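Two complexes are shown next, each including chain A; its partner changes from chain B in the first to chain C in the second.
What follows is the complex of A and B.
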């Protein structure tokens, strides 16, 4: 490339470089630095070095919260994939107009604030007008009751939040999936289940894994739904990080907890990738 | 026959699951009384009037709109040069920046919010509206990057060559050939950032939640004090904005294609 052209390119990329490196890369490094800094009573941190925040991570309460986070992530991701996969497949086979309606609908729910969705679920599960009244009418319950706080409420709300992301992740691959391949397998005598496992699964394994991971990451990072709909004794890591930073004014500790949570998320990602790959070999 | 019925039942149940919370909240917002009723009783717009005449709600609402509009413009100003450099020059730096943008979108949101909280405190620049705007811009920039990249890739090189052969200079080509093709993709990318920023809570709260009280933050703060029908009005407003914005995207562009679809039939 000529000198002038290179200069122009550098100039063109200067603003994106400044913002992306300045606001993402540097702050991420800063997070690591703060996590090993001593706490300052003013709510910030002071210069120096200590592993105090990391030592505090070994408390059983925090380890339990981390386990809760990971368990919830796996459950929500599995449910979302189980529902999202067939849903996406059916959407990709619809007529164009219907497809657009579903996509606009999903994008709208996707973009709605988790605050508004958690609030909606709280109203939906309330004793006064909530779902329990429907259950009473159906004879499934004796009297209306509040269905929150409970783990079920948190999981329902999280599946609601995550499902549109699952669909949008699977949409490209499933809309490219040719129906003739499946039909060919069926003509050759494969049962529907076998056609699915031997034709559809290998073709969509990668995106399905990404959809699973995306759902897991969104769940791990979710702060509002467990806070509004969950039981305090089951508060996941995200809620504890938030309260450590906001109510506890302990940024070093919140940073260390964030790194801890991130580490667990990466571990989960590696495990998921290994499971997805392991099945291919079998 | 059974298969079709099963398909329909599955889709209907999921549609109900997705619509129910929205329908209930929208219904409650039309109640004539302070109490939470569904279906609404004494249907009226009294809470809408209350919402629009309450300066606190209106300021949160307009603040949200300002943050979202500026965040989407900032994200566009970052995404457009990067997408262009990737398309035109296969620039390694631009590809690296695209990677950074993708990572920042993929981090768990609670972790991101702590990252930004620490960063703005470190700068000593706390509680300003520009903190919220820039934080949202870099978190969501990967979306316009993806849509604009798709736009550039859909420019047919033969078209560019033809324009050049006919004597068009680089600037002319960009203005007359490339811009009209890429523009809808830029706009849809900006719409995505606008709507997501409008609704984002935890980062906005951590970065400047006390000073820059956007609508989701105000709803959350009120949530802890108990039920108010005006909260439902805020939720309905945001739903309407979402439906409107994405329908507009579907109208000006090819929504299935924008989302990566390509019907192979």
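What follows is the complex of A and C.
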């Protein structure tokens, strides 16, 4: 009887795990399967096995695109952590009502599609009605200019997209952070900077690294912003995967490229986890 | 026996799909009603997705015996892809007496009679007349000194392949080999300093044109005409080498049971009346010679041109899609 009850409990609790496994494992297996299939010019892929798609991965422009993806992810994650941390800290120090307004505002931006956001940035950075006109009015620029396509435009748009995630990840930790410990450090003679680096940073390193990792993973697969706002020379892997699959009709090659990108992302995650853990031990 | 209806009373119907949005609405409002009036066959208009997934999904649905439509509007390359997978039903010439009304090039005997030209559309030299004076009349202007001026479609689907082949290599036949494709792409590489925007999505190019981000480039004639109507400062030019003409075809997934109704629609689509509706209300180029149509000069010019077109290199693209895509990406990202 007790055994049956325990079994029932186990089954009841295991369904989220099983669902998650099914939703992740089945598409991943399918991806692997297609990556080792021969191409079919009229359809998706044909039965059979070949490593042709993987051999083609060693081309310099694909390695370059992979590096571009990782670099873009790291830069965007670093900027959104740099902006998101102080922003979250400020929000947590506000009155309850103001906090809610800020959090609702940040959540609202998540409801916009990234396509819409990328196009808005394209307009915002254009010569005719874009930001450069504001800079000219402020005397910062001589004449209005188009600010796309450029890496700066891509990064600005991506930071906008991931910043809410960074804030929402940091919010619980920073709101639990006691001001007493900072005050204690200050009373003991620490400068504000010293209090921040020796008290706040160690207490929040783990969550900050999670926020960084999340921003990086969200960015590594970015497709629309680099396509619309970036130069082809810096198109990341996701854009090349898209054109290989959709325009090139080469699903095996696109799958192999996806697995390649997945590998790089996992490596990035492991590395970030190492950094977070390694420093904590020291 | 009042409960048995005669065959005459049975409503005949057909499900037809076209690309979503303006296209689908125009067909539903202006073309299908004329067909229903002529034949008594009711049409249910369906939106079909664009891009690679359309054919992927249709092949699976057809295998399961339930394609979502009886007739679909198919890009020329997807006609070939679908044919290679045994997706389309063959038609009967005897049931389509109007087929001979189509322009000669659309009557050429293909390996199978499984597709009927529906309408054409052009990729033209679109410019901002305020920034490009005098207006160019040849594609060679793309290669003149105009740093960061153009928006050009990127990838294997881009009409720049046909334009370059026709303008510099005497025709699109050169695209029928890898060596030829390399030569054409090397010529396109000379454009890189002039191209500000290598676009994949037409919305990106439209935004760039509206906001003066580019002085011109290659764009769809029909969309450019809509932009002109909306007050954007653009002009669509048919260069002397010709604009690139793509054609959409009506095809029937072979699991559809509505063989007779579908052929009646195809026969209707091949009439001057139907093609005039397509030109006037859908904004696409008719697939019947102008002499048979009662379009005014303005109506004809808004959808087509008397300058011979460059036909889309569909066969080359079907055979070498992956190679074209790889080489193009290599060129544009390096």
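In the analysis below, the second predicted complex is superposed on the first by the 256 of 282 C-alpha atoms of A that agree within 3 Å, B and C clash if a C-alpha of one lies under 4 Å from a C-alpha of the other, contacts with A are read in each partner's own complex, and residues count from 1 in each chain.
We take it that a residue touches a chain if its C-beta (ideal position, glycine included) is under 8 Å from a C-beta of that chain, and two chains touch if they have at least 3 such contacts.
Nothing here was measured: the structure is a model prediction, and the numbers come from that model.
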Putting chain B and chain C onto chain A via the overlay, clash or fit? clash
For A:228, select first, second, both or neither according to whether it touches chain B, chain C, the two together, or no partner. both
Would you sort A:96 into first (chain B), second (chain C), both or neither based on which partner it touches? first
Between chain B (first) and chain C (second), which, if any, makes contact with A:129: first, second, both or neither? both
Could you look at A:39 and tell me whether it touches chain B, chain C, both or neither (first, second, both, neither)? second
Considering only touches as defined above, state whether A:249 meets chain B (first), chain C (second), both or neither. second
So, A:119: does it touch chain B (first), chain C (second), both, or neither? both
Now for A:153: first (chain B), second (chain C), both, or neither, which partner does it touch? neither
Would you check which partner chain A:65 touches, where first means chain B only, second means chain C only, and both and neither mean what they say? second
Counting touched residues of chain A, say whether chain B or chain C comes out ahead. B
After superposition on chain A, which segment of chain C among 204-212, 294-302 or 312-320 overlaps with chain B? 204-212
Which chain A residues come up in both lists, the one for chain B and the one for chain C? 44, 119, 122-123, 126, 128-129, 228, 245-246
So in the complex, the part of chain A that touches chain B is made up of which residues? 1, 9, 12-13, 15-17, 19-21, 23-28, 30-31, 34, 44, 83, 86-87, 90, 92, 96, 99-100, 103-109, 111-124, 126, 128-129, 160, 163, 168, 171-172, 175-179, 214, 217-218, 220-224, 228, 237-238, 241-242, 245-246, 251, 254-255, 258, 261-262, 265
Considering the complex alone, what residue numbers of chain C touch chain A? 51-52, 55-56, 59, 80-85, 154-157, 196-198, 200-201, 203-204, 207-208, 211-213, 318-319, 321-322, 324-326, 329-330, 332-334
Flag every residue of chain A that touches chain C in the complex, lowest number first. 39, 41-44, 59, 61, 64-65, 119, 122-123, 126-130, 146, 148-149, 227-228, 232-233, 235, 240, 243-250, 253
Residues of chain B touching chain A in the complex: 7, 10-11, 14-15, 17-22, 24-25, 28, 35-38, 74, 77-79, 81-82, 84-85, 89, 91, 93-94, 97, 100-101, 103-104, 106-119, 121-122, 134-135, 137-138, 141, 195-196, 198-202, 206, 215-217, 219-220, 223, 227, 231-232, 234-235, 238-239, 242-243, 246-247, 250, 255-256, 259-265
